[in-house]
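Next come two complexes built around subunit A: one with subunit B, the other with subunit C.
On to the complex of A and B.
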């Protein structure tokens, strides 16, 4: 084909895309930078006032809170969801029957909207909600659980030692012996409970108020609020399935020969995970972390849904800070909102840049 | 000591069996683990789904076996619906009907032996739309309690709710709504015709000024006159109180609320019908957002809006994203790399909040703070362009080359040759865009200003603001479940594509 004809055709094909991002992205981006240097409040004619809005924003305690909340949230959530997704993917990467069913079932949290899931979590984490009920039950049945675990471990150790004495190569986590240990543990617990040695503990209903002004502090600095912790749990829960698929795709590309070689060298499952799987998954991990950081820094939906149900300081993020300042009643400090938005964009871009610059994405 | 060949073989076979046993056990543990994780990932949804059927989703301790799902109570709810309104599904209370409800009370020897006090109580729903005060069953119906038997300390009582018709006229019974009154009371017939209503008994004339416009009523047509038979009630709320020392041991339906140390039982509706019993919260999501003037349900509008928006987004993506993706994948032109890096990758990194002010002001100036503005705002999704680019890059070049030899221009090549080949990618694109539109929250929240324009996500947040403060989670959970259904259906049908799109972009990205 003629190259000249192709150029005009290509731009014709791209026209709707370029026009849309031109108006709603680049023009908007430029205007945001402009507004962030003016005294705009939605109703007046903007007048340039230099970097004053940035200075104001940086000295706004609410902005500082939002910045710290966003960073803490992004770092913790990205870490948790990356590790969680990797472990889930390793578990799912077994060729057993019915794997497709589990893969679909686990994917469910990823397809429903953040609004729906946040509403369900708000309900689960009420003062007298399902989460607190589960904790109460756990405390009530603690004697049973501890007995079960204790007997299980004791039985497993005894059996492994015995098998080894017979010259068989039993590992500490030998699955067949663990089944027998579990049966023994169940039988012992049932007997003890039947004879009345074990009984439930009488505990008061656990009624922790999650959506209140409580903080985890380090050295007096308020680091992470409890409502934010609930959102971290919720976000990890919803993101793990998506990220898990990325890891699964990566896992299926690892040559089986590597694991066979590791088997010949007598590597334990843990060693295989750390020395074969993790290094081979490096490109995927890199991608997952990038996506995770961008996504978590932008977190908005959950905060907006919870809204007034939790004290604002505990949940405010940069994205939410921009939103509430843009739509504040009366003369809204839109210039501050724009400045905060630019700061947020800059943080994300710097994060991605640093990651690209200093962390190798190549598999080793 | 020597080992024979037979012994060696036997030992090897033993070891094989030993190892096989381990493989089986390992698979067993794996399945157990998978099951536990499935409960973890699906548990919150299942709990939400089950609890959305409860009268009180906040009950403590939470139960998994709920009366709303047991055949026995569903049957009784049906039966009571038939008694109250002749409809086992919708229930309600119509004039001229009598409803019986049984309750058993235990009165130990040292406690009072009297019958329980029973009364209907008023119920006015909270709502997102202006609802005029509705007529209450308690003002029209009478309740009487009769002892029907005694077994040991437990006496059973039959409570009869009697709602006499306000007119003695016989004739065709018509369901209508009251309209704005002038010198006499008017009603709007199902056909839209407005007629004057005759109040021919003192009982009916008594209520003349307490009935608001839009109240659902029954009329009797006799001759060419319409007589008021009485208002139709959506529910019959009943309260039963016993004295100190007594306790209620059983009732036809379980109570919605127990108060006063189990001595005061409230039944929000003793004529529910199946819909009003098992799916009460779902029905409320529609009925409590229905404006009586227009008869339109806000929740229903939100569902339609969301479908419309999803449809618009998907259509735009199929045309524009594939065009742009194809150009970036297969055509050669100056600025291609720049457009890809800045227009596709950079755009996805920058948070939406940066464009918030400008886009809001722009759409406001254009008078587009509605679903169309929302559509233009995200007309061509950068993520969709990326997906299509990846797909077209993987297609064989021969197709285009042969098209070019045949003298087809770029547009012809694209629409006649390339696009028909892109079926699977287009389905994946459509699904991701549908899901994205259905779950979209930030831009709808910013751009949509009228509550009739809302999408489901934004509407649900309004539910939370209105009902969450009172802890009325039944409605919130029901709304959440309803709004999740379409995506879940799509997911179940097109699972393969969800999984594929996810992993594709990972490997290549």
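On to the complex of A and C.
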């Protein structure tokens, strides 16, 4: 193994890393544990007071809200982004023209700053935002869209039935017939519009407040707030591409022979996905879920950017709870913040442990 | 090559030492305050008043604005020992800073008698005064004259009651229709609490607890949220604004409830808007009006190495000359009793009129400092959340207040 003198050289090269992790992780972590057992308020000389801060934190309703928000957010977001990333990776693993373009385009949301994306989402979902505007437009032009859709379906059905009556094998989604149906539908809608039968509806602007105290509750228990739902959508949107990259790399390692064998056995694309791709990607999936859970449990920036634009209860997460209890005006319950941070770390540790215990990281 | 590098290093070191040497002969007083317009205003005051007065004492004064969340940044600087020698302290967050032990008690350091008593009280805890009020503000009704003229409705005036004011707003809405609104109602304790004071509500009982189900509070809450009925009043967000000042500047809203800070904003953003100012309407039953006093004070860092110099700077910044200058520029309302009869208040410009009404507001009816008790800004959140929920029609007033009281109880029992 190492010759004499080599150990010191190894330590020398490791030193920058060891010193950094020593100061910014081990020292900071030990200090946080210490503070969580004192009456520290950022300005006084800390005095040990035992586990009282933990008792206070656990009985604090806003901590409980933060805990439930964080868990709900972590579970939903991790599920959505893992499935989304897998499907997107499979789609982008095909050999079609312009794949490089699609891969870069799909990756864009990931390299944009999350603060910027949050601001964009805040703007999309404000009361007079794009989301409400789009819904208003949809309602205004509903007569047109419904007519178009109705005529399209009717024309398609009529055509298919006519083809079949002539003994020709036509599927319900036959593209050639669909084009003709669409043209007929467009013509009918345009004629009705010109003759004045169809006109836009006069609807009041759709006025849904996304960043307000609204909840999706199950059995009277508030589970997920609408502002949090917006963040889930946003976070899924921005994280999918990053995770997709891992799946894409994993897909390259699946031997093509497996798919060929599946083809010979007459497997459908769905069967190939479920029985070849998913099991072979298990190590990557394990990694993606772990990273996803840790990332979502620690989610902070989006909440901080939205800040007071939404009621605090609807968005507070554990990381945000730690933050607001550390930075107040003047003296702050830093001991509570430290205790909450330790609880958060413990929860993440337990989650990862359970996952390791029950989800195998080996490919089958 | 090596020689050149060595030489360069030596020269730069020498320059550093020289710079440090020259700085030590001078005392530097660092001031922390808000960003925004304040760096220009305070910079101007420093150049006009502080520098000439302190030139012979070799005291240099620098203003370091804290951008973003002022309280948070000041706290960080105080904890790290890097805060200025003199800094702003908002009246509503004073308790948090007193608890840090980083504010110098000014008793015996600064003479507080020339300042308005209620403002001194706002910065006094247990007989110790921790800051000198820089200036103050109260709430007023600022109305768009053209909208009232167009609707042929009388302007709001100082004799208006809750009912007569509401009727005027409803008449404006009726006359001008869908595109115009009577008032902008910000879902914020700081814009609604004054009505509760008028109705006789006390924010804290003898045990320091808050009762939001008190009939006086409920009546004020229902009055304020009731103004939104039939779209007579709207929230700023409904007209794509982030505060009532923006509503008024848009020319679509007849009345905003704001303080003197709106004057500068209107000058910049709606220079042609013709506006007037009236006092907050009186409660029909009690015949009284209510108001908040908003104030920011100058405090001295207890850890300053130059206490005497800091006190000198503070005294100059709160001197009669400075306050008179600030008032005449239309920037803020002075905290000195002697300036109450200043000629500026008698001017006929809309800005001066507003200043006068803000000044009167501080002594008309039940006036309380904008203050959250010992739980800090979290105290006002349940009230503001309830206001938002009712104004946007998500909850009934009774439900919203019940929930707010629950949240208030958990907060105060913590």
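In this section, the second predicted complex is superposed on the first by the 294 of 364 C-alpha atoms of A that agree within 3 Å, B and C clash if a C-alpha of one lies under 4 Å from a C-alpha of the other, contacts with A are read in each partner's own complex, and residues count from 1 in each chain.
Throughout what follows, a contact is a pair of C-beta atoms (placed from the backbone, for glycine too) under 8 Å apart; a residue touches a chain by one contact, two chains touch by 3 or more.
Just so you know, these numbers come straight off a predicted model, no measurement behind them.
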item	value
Subunit B versus subunit C as contact partner of A:42, first or second or both or neither	both
Touched partner set for A:330, first subunit B, second subunit C, both or neither	second
First (subunit B), second (subunit C), both or neither touched by A:116	first
Touched partner set for A:29, first subunit B, second subunit C, both or neither	first
Subunit A residues touched - subunit C or subunit B, whichever exceeds	B
Touching partner for A:142 - first (subunit B), second (subunit C), both, neither	neither
Which superposed partner A:104 touches (first subunit B, second subunit C, both, neither)	first
First (subunit B), second (subunit C), both or neither touched by A:349	first
First, second, both or neither for A:128, with subunit B first and subunit C second	both
First, second, both or neither for A:161, with subunit B first and subunit C second	neither
Intersection of subunit A interface sets (partners subunit B, subunit C)	42, 126, 128
List of subunit C residues in touch with subunit A within their complex	69, 71-72, 74-76, 78-79, 90, 93, 95-102, 237-238, 240, 376-377, 381, 385, 388-389, 392, 394-395, 407, 410, 414
Subunit A-touching residues of subunit B, taken from the complex the two chains share	15, 18, 21-22, 24-31, 33-34, 37-38, 41-42, 44-45, 47-48, 51, 57-58, 60-62, 319-321, 323-324, 326-328, 331-334, 336, 339, 343, 347-362, 376-380, 382, 385, 404, 409-411, 414, 435, 438-439, 441-442, 445-446, 457, 460-461, 464-465, 468, 471, 473, 476-477, 480, 483-484, 487-488, 491-492, 495, 498-499, 502-504, 506-507, 509
Of subunit A, residues touching subunit C in the complex	41-44, 56, 60-61, 126-128, 207, 209, 212-214, 311-313, 327-332
Subunit B-facing residues of subunit A, complex	1, 3, 5-7, 9-14, 16-18, 20-21, 23-25, 27-29, 31-32, 35, 40, 42, 88, 91-92, 94, 96, 98, 102-109, 111-117, 119-124, 126, 128-130, 133, 168, 174-176, 178-179, 205, 237, 241-242, 245-246, 248-250, 253, 284, 287-288, 294, 297-298, 300-301, 304-305, 307-309, 318-319, 322-323, 326, 334, 337-338, 340-342, 344-345, 348-349, 352
